[in-house]
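Can you keep this structure in mind? I'll have questions shortly.
Naming follows writing order (A, B, C and D), and every chain is counted from residue 1.
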């Protein structure tokens, strides 16, 4: 069999482990030929390939990033280019099909997020055999129990909270840590529980600044002169954009002066007269060597995708249905977001041990 | 309610996180009083207690070990003591019951391995209300999907393999890493897969030294002049004690000259004339700050045990039945070992990516 | 002898290691009594103490923060308070002297930065015996070769760069990492060299945005489609505030829209049309368990300070004069900043391996 | 200029960072051509080369091991081979000279320990221009203040002690940690101080088992029911081989049943009736990503070696004379071992904070 592989979308620990497992399984088990495409679908548009033999994947298991490169701006159905200094947009999906045919591929394994997998799914209608491997560091995909990269990100955030916790305690401060999670609060709630945060703000539970200030005072009453707050970047106050307005009052326009973490810190300084500081963890959450859990899950995903290629389970993606790896039709899996249930589960456990959600 | 807590058996990352969650939930949710007993059942035998209020569990979430202390030699039904220089053994279980009554406990939460939980179960017959929280770093308990501490141990071993891998490659060596796992190979197979080991030897699959030597030669033929082998301490050669005999030939008695890792390394040097070295990871596998996964699981175990106390689910233990924490009768859970299935699951994935089990 | 100890100023890995070494040396070597004051000089103003015996320093060596607490707003010569809702400022230095006398102290060991040590020095004129232990995570003190906490911060930043490097490479991005260093670029240049950054911007060498853009293009010409830039928070463009102005053009007021890192990233996006992202590492640089180097240096500082107390080397501070710990008069040590020499040393090495300083 | 590079001897974190700095400096500063030789002097004997251009050293800074490979059995003056099944030994140094000439080298940069550098020095007499870069993870070379790899090893050992400390405390055990250091105790004393060990045994200070047992009892008297002992592999009892004899009594031959760490643990169990366990850290001390300190020192060494090549400082090696990198004649630097001074320095600081050396 001749198998193509590409990685699309943002960085995520475990991408190289997935690629390695696809290649090793395809070669060791089936004697396949594997071809990597550079920088997501761009590699198929421009026919930029890299041979994926055993030496090429040697030693990549512990490494962050992706040896294939990735891209965020490579939708072949709406491909954006600069021609003669002009931004143009065109459908180059037939070029992708041509490249696929030229390399005589039997299957294309696409590792990517919702957007990338939707593109992959559309190529089924154009006759390509695609298999998806879901990638979302936010763990917000309902079709699979866990996604790779999430465990590593949670550990990275937890270690940052560990570091910030002692500073908060020694210096009697309110420390706000802003983490990834635009639509779902999985990283915030998981790392917040693991790090011993006192307040966790997630998109699923609107927060109230006055309630948070009260909780800080309650802690002070118990002799705890510090508070650590973990905020998902998508968390919102119950009263909506009130925060933004207050911060820019006096200015003629409404500009975003930083993320929700900065705003929460500023508001709390005003409300409580305590020192409050915000740290935005940013891109360090997407990098680094994958945790053991993520390396194993990535290996299982990659190995199973190679098996699915030979079982002709096309237009499907691999998914963890603990303890098994199942094949889920891409059409069913796409756009099905998994949010943190606002009752039960992690939220219930967190409340039991005294964590507040600012509500 | 008045709740007692003790920790028994070997060290395991997450013990403090469990204690903290019990205390926080009991106090925040129910206004309970919690009393810690020192050094396992010894604390009940000798009435050595430590008050477990909120300040006492502050800051312990990330710490290894147990603030309560533990013991391996404290079975109250067969209590070993030195009296007048003589080793004696006696049944002091009634003293435990007295201490329980004296402190007017409504429930005793016992965090420990199979041995400790069996003792807890026996006290039910003596009228005590016990709730168990299972602890085994080897993850070899069938009643629960995962046990806390395991994920941390696997990450610790993986990091050691990462370090040893580059040495093996640069110096063209066979490197053997001996890890925990007397009866089950979970740590070896998980960390071995995560670390990219080439050969994994586990108790569930007897190995053959000649086969291992062959695989090292096969790798050499492919230009790979190094091999990393992960061995569970309970792994055995198919031919049994053959290894031990060869090593001590010429000696008048059969002595154990090191663990299975040392033996594998020595045999391979003889068979392949390559340099082979063994590292026994030992106690570093049991220590360190718990991983995010273990801190969350420990928190869920502890919080749920406190809830179970109020729901009077006595003579039960908490268990992870993904994604829920269930109550399992101790009588059902005891002595039910979970071994690595020699086909399917992890073994199948590992074989797919080219890992050998020396068989 | 009766010795008082306090910690002042911002957080810094190694503070607890210093306290521990003072206490252990004072007790083991001399049988002294040691008293801790809470939250910097506040503890002397309000007579808030904590006994520092051997049990109180047990287990604190690896922990971040300070068990004594710290404060940034506690200058007894200009003490700011709220009385009846009014902010007042007064000289309460005599209260400090009274507390010192009340506890019959023979010496006060002050662990802190330039500001805290200056206060300590002023108390010499009021008859107190003070010994200083210098603390600056930025390593910008000329009186000592290295300060504790710096090595840990550099390692923390390096690990963040390691994580960001793979993302930059996989996603063909310009990644900017803003680190501590208001006046001196020690953290930036050290962590930048250790992390393999391509461009390092420090306060000592004004940078030029067009030069940086050129260097990014030069890299692109060599097939390197990514660039990692480390920026000290105090780095400045040669043309001064030009950057700030351009960013807010169209706005009626000149507001600071983020630090220098954000500005560099935005400017580069405009100049190069490449994706550029900034991560501000913030408070994680001040926390965490100290590195081996910092634990040893802290231990040497603390132990030597206790010895100096008995040698009556008052109004001095400990300082590393490799390989010795020397006593330096506080009057000589204060306000003597150590900056990165713009030629020779680290800058020369960095340039040799191809690192640019944006000049 | 045409420069050759090789790495010899055991693994050491920073080797790749040295190679990278040599290559980057040689190419960026001088436009040189750099050629790597595989597996130490073997590469010159068998003419196995690898081109060292900029892409070949891209991304290797954080990686353990050496991309050039190394060897321990490659002395060209006494080269051991198997011919027709026979072990032979011959002088192939002229072959090395031929290879050097064939590649028209102007200089050979040799990165290695005492043995490797001595070989390099001998080639000066044969007309080769050699420059040495000293490598010893044990830091036992008097010609240079610090060697690369040492700081990483000390941190690795410290982290292991951190993990073992909590187990020791929770389980009331004597825990022995055996670390590298055959002739000098630098790793043991540095990591022991950094990890808060209670007793440190080094080759420079003979120990006494009875004294150690006493110290354990003294700790017990102060309520400390655990003790952590760090032992350098070359540490020896004052009474010499007494330990070994006692352990094998009853056996007909004297065999080594493990290292000094195992023996200390067994002896202490006998003497104190406490549980004692030993962990031998082994090869994990030589691997892993280098610390910031080691990456910077390695970069300085490599960059300066390239400069020395152009300054024709042949038959010299680079050496850290804080804060400078100096050139030291190989003839002066060889075989000059740096041991831990048994009085003053680290030993004095350690004793001040209550650490015993078992004497």
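The rule is short, and it goes like this: a contact is a pair of C-beta atoms (placed from the backbone, for glycine too) under 8 Å apart; a residue touches a chain by one contact, two chains touch by 3 or more.
Given the structure is predicted, the values throughout are model-derived calculations rather than measurements.
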{"item": "Minimum number of chain-to-chain touching steps separating subunit B from subunit C", "value": "2"}
{"item": "Those chains which touch subunit D and also touch subunit A", "value": "B, C"}
{"item": "Chain whose Cα centroid lies at the greatest distance from that of subunit B", "value": "C"}
{"item": "Rounded Å distance between subunit A and subunit C, as computed from the means of their C-alpha atoms", "value": "33"}
{"item": "Multi-chain contact residues (two or more partners), subunit C", "value": "162, 165, 169"}
{"item": "Touching pairs among all chains present in the structure", "value": "A-B, A-C, B-D, C-D"}
{"item": "Residues of subunit B that touch subunit D when the two form their complex", "value": "7, 10-11, 15, 39, 63-66, 69-72, 156, 159-160, 162-167, 169-172, 175, 251-253, 255, 257-258, 275, 277-284, 286-288"}
{"item": "Interfacial residue positions of subunit C with respect to subunit D in the complex", "value": "20-21, 24-25, 28-29, 54-55, 58-59, 61-62, 145, 151, 154-155, 158, 162, 165, 169, 190-191, 193-196, 222-224, 289, 291-293, 295-296, 299-300, 302-304, 306-307, 322-323, 345-346, 349, 352-354"}
